[in-house]
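Multiple structures follow.
In what comes next, chain A is part of two complexes: it sits with chain B in the first one and with chain C in the second one.
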Partner chain A sequence: MPGRSLDTGPAGAAAASRRPRFLDAVSAALAIAVRPVGKGFLDACTIVGGMTLLQVRIFRAMIPPSFDYDETLRQFEKVGVRSLAVVIMTSLFVGALMLVQTGNFVRDTGATSMVGWATGLTVLAEVGPVLIGLMFSGRVGANNTAELGTMTITEQVDALRVLGIDPVRHLVVPRFVAMCVMLVLLTCIGDLFAITGAAIACQLIVGIDVRVFWQGLLEGHLVGEFVMGLVKGFFFGGAISIVSCYWGLRVEGGAEGVGRAVNNSVVTSAIAIFVVNFLVTMLWV
Partner chain B sequence: MEAAAELLDIRKELSGTRVLDGATLSLAAGRIHALVGPGGSGKTLILKTLCTLLPPDSGQVVLFGEPVDFLAPEGLRRTRARIGVQFQNLALFDFLSVRDNVAFPLEADASAAPPQDVERRVLAILDAVRLPGAAALEIQSLSGGMQRRVAIARAAVSDADFLVFDDPSGGLDPVTTSRIFALISEIQARRRCTVVIASHDIDRLARVCEDFHVVEGGRVIFSGTLAEGRNHADPRVRTFLDVTDART
Partner chain C sequence: MIAFQGIHKSFGDKVVLSGIDLQIRDREITFIIGASGTGKSVLMKMAAGLLTPDSGRVIVDGEDVTDFGEDRWQRIRTRYALVFQHPNLFDSMTLRENVALPLRKHRGISRKAAFFAAIEFLAMVGMEDKADLMPDEVGPSQRKRVSIARALTLDPTCAILDEPTTGLDVVASRTIDDLISRLARELGKTVVVVSHDLRSIFGVADRIIFLYKGRVHLDGPSQAFHASRDPVVRQFIGGEPDGPMET
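Right after this comes the complex of A and B.
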C-alpha cells in the first residue's frame, strides 16, 4: 500500500522549517517576559513563607514561656524608652497639623463642635497608630535588622547555634515581646500628645476655643477607636519585629548585605503596617 | 582508627554556585588535623559543615559515630554541645565582657559546670592565652589579636570532644601564634579530644598536626601525613604542603 507522502515540495519544506523557528522565537519571548514575573512570585512566596515560619518558631519558643527575661527587659528599654522622644515630637506636630488643616474649613462652615470629634477619630483610629508604627519601623525595625544582620555576618548567630542556644528564643522572642508591648504603650502616649498638639493648635492657631475641642472629643465616645488603635499597635509591633528579624537573620555578604537587608526591612515593614491596618480595621468595623 | 567526624560526598550550593563538590573527609579521633588549601577553596565551609552549621544539599555528615540529622533540633543540640569552635570572624558577642564571652559555653549549659568552677576555668584559660586581667574588659576595647585569643579561649574552655579552629593565627604576632598552637596541642594532649585547624601557617601546623587534609575547589584532594603529602603525585598537594611555598 502506497504510503502518503509528507513531502510537500520546496515551499512546504520552507514553511515547515519556518514554523519551529517562529514557535521558538515566540516561546523565547514569552519566557523572557514571564521569567521575571515567575521569579518575583517565587521570591515573594519565599519571603512570606520564611516570615510565617519565623512566626511559628516564635510562638513555639514562647510556649512554655522560657525566654531570656534580662534580654527582654533590655529590649523594652531599647525599643520603648529610647523611642519616646521621637514619638512625642512627631505626635505633637502631626496632631497640631491635622487641626490646622481642618480647622479653618470647620470654622468657616460653623461646625466647630465637630472639630474635637473629627480629630479624635482620625488620631485614635488611624493616624496615631499608623504614624507611630511607621516611625517605629524606621527607628527600631531598621536598627534591629542592622544589629541582627551584623551578628549574622560576624558569625555570632552561628556561635549561638553551636553553643546549643536557639537564636530565635535568645534573640528574636525578646524583640518580639518588647516591640508588641512597647508599641501599644507608645501608641497610647502618641495619641495623648497628638490630641494635646491639636488642642494647642485649636486655641492658638485656628482660634477655636479649646473647650469646644475637648467637648467635641469627649462627647464623641471614641473609646472603641482608642482600643482599636492599641490593638493595631500590638499587631504592628508583631509585624515589625517579625519582618526586621527575618531580614536581619538572612543577611548574606558584608556591609553591603546589611544595608540591603535594612532597606528591605523598612520597605516590607511599611507594607506590612498598611496591610495589617486594613485587616484590623475591616475586622473591627 | 575510629573517626570522630566524617563527611561523605558532601555537595552544597550557595547562591547558585557549587561551593562543596563531593567533599569527603575522615578525621580520626584523638588526633590533631590540619585543613589547608588556597583561599576560597572551601575550608571554612567544610568546618561549618563539620560543626553542623551548614546542612549539605546531599551527602552525609557523621559525628561521633552517629549520622547527623539536620532536621532533629534536639539531636543537633546534643551533638553541638560536644563541639568547640573558634570562628574565622571570631563571632564574639560584643555586648558581653571578655569574661562573659569566655564563660558563655559553660553558662549556656547550666549542667556543664558549677558557678565556682566556671570562674576558675575562665581565669585559667584566659591566663593560658596570655590575657590575665582582661576578664572585665569590653570586647570592643581589645585589639584584633586579643579578640582572637578570647575567641580561642571560648572555644577551648568547655570539655568539648571536638575542637575546631578556623585560622587561629590570623593577625597574631609570631610569639603569640606559637603559644596558641602550643596551647591547642597541650589541650589536645590533656583531653585526647579531636582537633581540626584551618590555617595557612604550614610550618606551625607541621609542629602540632598529625594529619593533613588539602582542600581545593570544594573537595578534599589529599588526606595523609605531611611527609606523604610532600611526596604526593599531585603537584597542587606538594605545593601547598611545602613550607617554602606555603605562604605564596
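Right after this comes the complex of A and C.
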C-alpha cells in the first residue's frame, strides 16, 4: 500500500497539476492573442474620440466666424498650388485607363455608345474623388502633419497658447477651411482632366470615335454623380484636415515623433477616405 | 500675484518638484535660480497653465487655477506673459509679424497699425533694424530678444522670463537687465526671471529664490543671499565643481 501510494502519489500530483498548467497555458496564450486586440481597440477609441473632439472644437471656433485671413490665405495658396500638378497628372492617366478598360469591353459587345456613360459614371462618382483624395492626403495632409508636429515640438504651439491665442482657431480652422474648399475645386479640375484623358484614349488607343464618347457622356445625365463627387471632395477635405491636424498637434519626442505622426496621419487619412466614401455613397443612393 | 502651494511633479520615475511653496509678490523682481534640471522651467510652465502639478495648488490673483481648462486659461494668459527658455518664434513669419500677431488678435487693430506698433516693441530689445528678417535669418540670442518683445505686446501685469540672458553677449544681457528694471520700477510690473547669470541676479533682483532638490532652499533679498553661509549656496555662487551640491 505504501508502495502504491508512493507510485501514484507523484503521478497523481502530476496529473492534478497538469490540467491547471494546461489551462494556464491556454489562458496565457489567449491573453497574448487578445491583449493586442484589446489595446488596439482602446487606441482606436482614443484616436476616434480625439478626432471627434477636435472637430467639435473646430466648429465651436468657427461660431462666430472669425478667420485669420493671413493664415487662411496662406493655406489656400499652399494647399492648392502644392497639389495641382499631381492632381492633373493622376487624373489624366486614370481617366485614360478607365476608358481603355471599358472601351475594350464595349467594343467586343458592340455597345460603343455606353463608353462615355460608363467612364463618366465611375470617374465622376467614385474613382476621381477617391484618387484625388488619396493623392491630396499624401501630399498636403502629410505635409500638414509634419508642419504642425514641428511647431508642437519646438513649442510654437505653446507660444500661441501663452499669448492667449487658441491654436485650434488660429492653426486648425484655416487648414480645415482651405482643405474643404480646395478639395472640392481640385475634384472639379481632376474631373475635367480625367474626362480629357478618357477622350484622348478613346480616339487614339481604343479607336472609338470621340464624338460617340461625348454623346454618351452628355446623354448619361451625370449631374448627380458629378455633384456627389464634389460632396465627397468636401468631406474628404474635412477628414484629411482633421486627421492631419490631430496627429500633428499630439506629436511627442523630437524628429522621430514627427516621422511617426506623418506615417499615422497618411494611414488614418486613407482609412477615413474609404469610410467617408462608403458613407456618402450609401446615403446618396 | 502667483502662489505655488505644495507643488509636486514627476515625469515617469523622475521626481522633479517635491513640495514647492512660494509666493511671487506684485511689482517685485523675483529671480528663480538653481542648477540645470531642478525644474525651474517646469515651475514657470505651471504658472502659465502649460503643465499641471501632480499635487498642490497654483493660485493666480487669488484664484485657484490648478484645474482650469484651456478656455479659462486664455483669459489669464493675456495678463501673464511667459518667455520660454528656448526661443519659439513662429518660423513662417517675419520678426515683425511675430510681434504683431498678439496685437492683431487681441487689440482688434489693422495689420498696418499692428506692424507699426511692433517696431516700438522690437526697439525695446534693440531689434528694430532686423524687423523684416525671418527667425532663421538671425541668431538664437536675437530670436530670444524678439520673443521677449512679443511677450510684452499685450502689456501684461506680470512677465515671466525663462533664462532671458543665457547665450546673450554681455552688452545684450545688460540691455535685457535694464529692460527688466524698467518693467518693474517704471511700469510697475511684476517680473519673474529664471537665470544663471550672476551679474544680472545681483544687479537687479529684489528677491532671490534658490531651488535645490525639488524644494525652495533659500528665499530672500540679494544681501541675504550674499551673506548666506549655506555650503550649497556658496558653491552655487562660487561655481566650484566640488562641494556638497548634488546635481
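Everything that follows uses one rule, which is that the second predicted complex is superposed on the first by the 254 of 285 C-alpha atoms of A that agree within 3 Å, B and C clash if a C-alpha of one lies under 4 Å from a C-alpha of the other, contacts with A are read in each partner's own complex, and residues count from 1 in each chain.
The rule we apply is simple: a contact is a pair of C-beta atoms (placed from the backbone, for glycine too) under 8 Å apart; a residue touches a chain by one contact, two chains touch by 3 or more.
Nothing here was measured: the structure is a model prediction, and the numbers come from that model.
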item: Partners on chain A (chain B, chain C) - clash or fit; value: clash
item: Which of chain B and chain C A:212 touches, first, second, both or neither; value: neither
item: Which partner, chain B or chain C, touches more chain A residues; value: C
item: Contacts of A:252 with chain B and chain C, given as first, second, both or neither; value: first
item: Set of chain A residues, in rising order, touched by both chain B and chain C; value: 154-156, 158-159, 161-166
item: Complex interface listing, chain A residues touching chain B; value: 153-156, 158-159, 161-166, 252
item: Residue ranges of chain B touching chain A (in the complex, touch as defined); value: 15, 48, 51-53, 73, 77, 80-81, 83, 85, 87-94, 104-105, 108-109
item: Residues on chain C engaged by chain A in the complex (per definition of touch); value: 48-50, 70, 73-75, 77-78, 81-82, 84, 86, 88-92, 101-102, 105-106, 111, 147, 150-151, 154
item: Partner chain C, residues of chain A touching it in the complex; value: 68, 70, 74, 151, 154-156, 158-166, 170
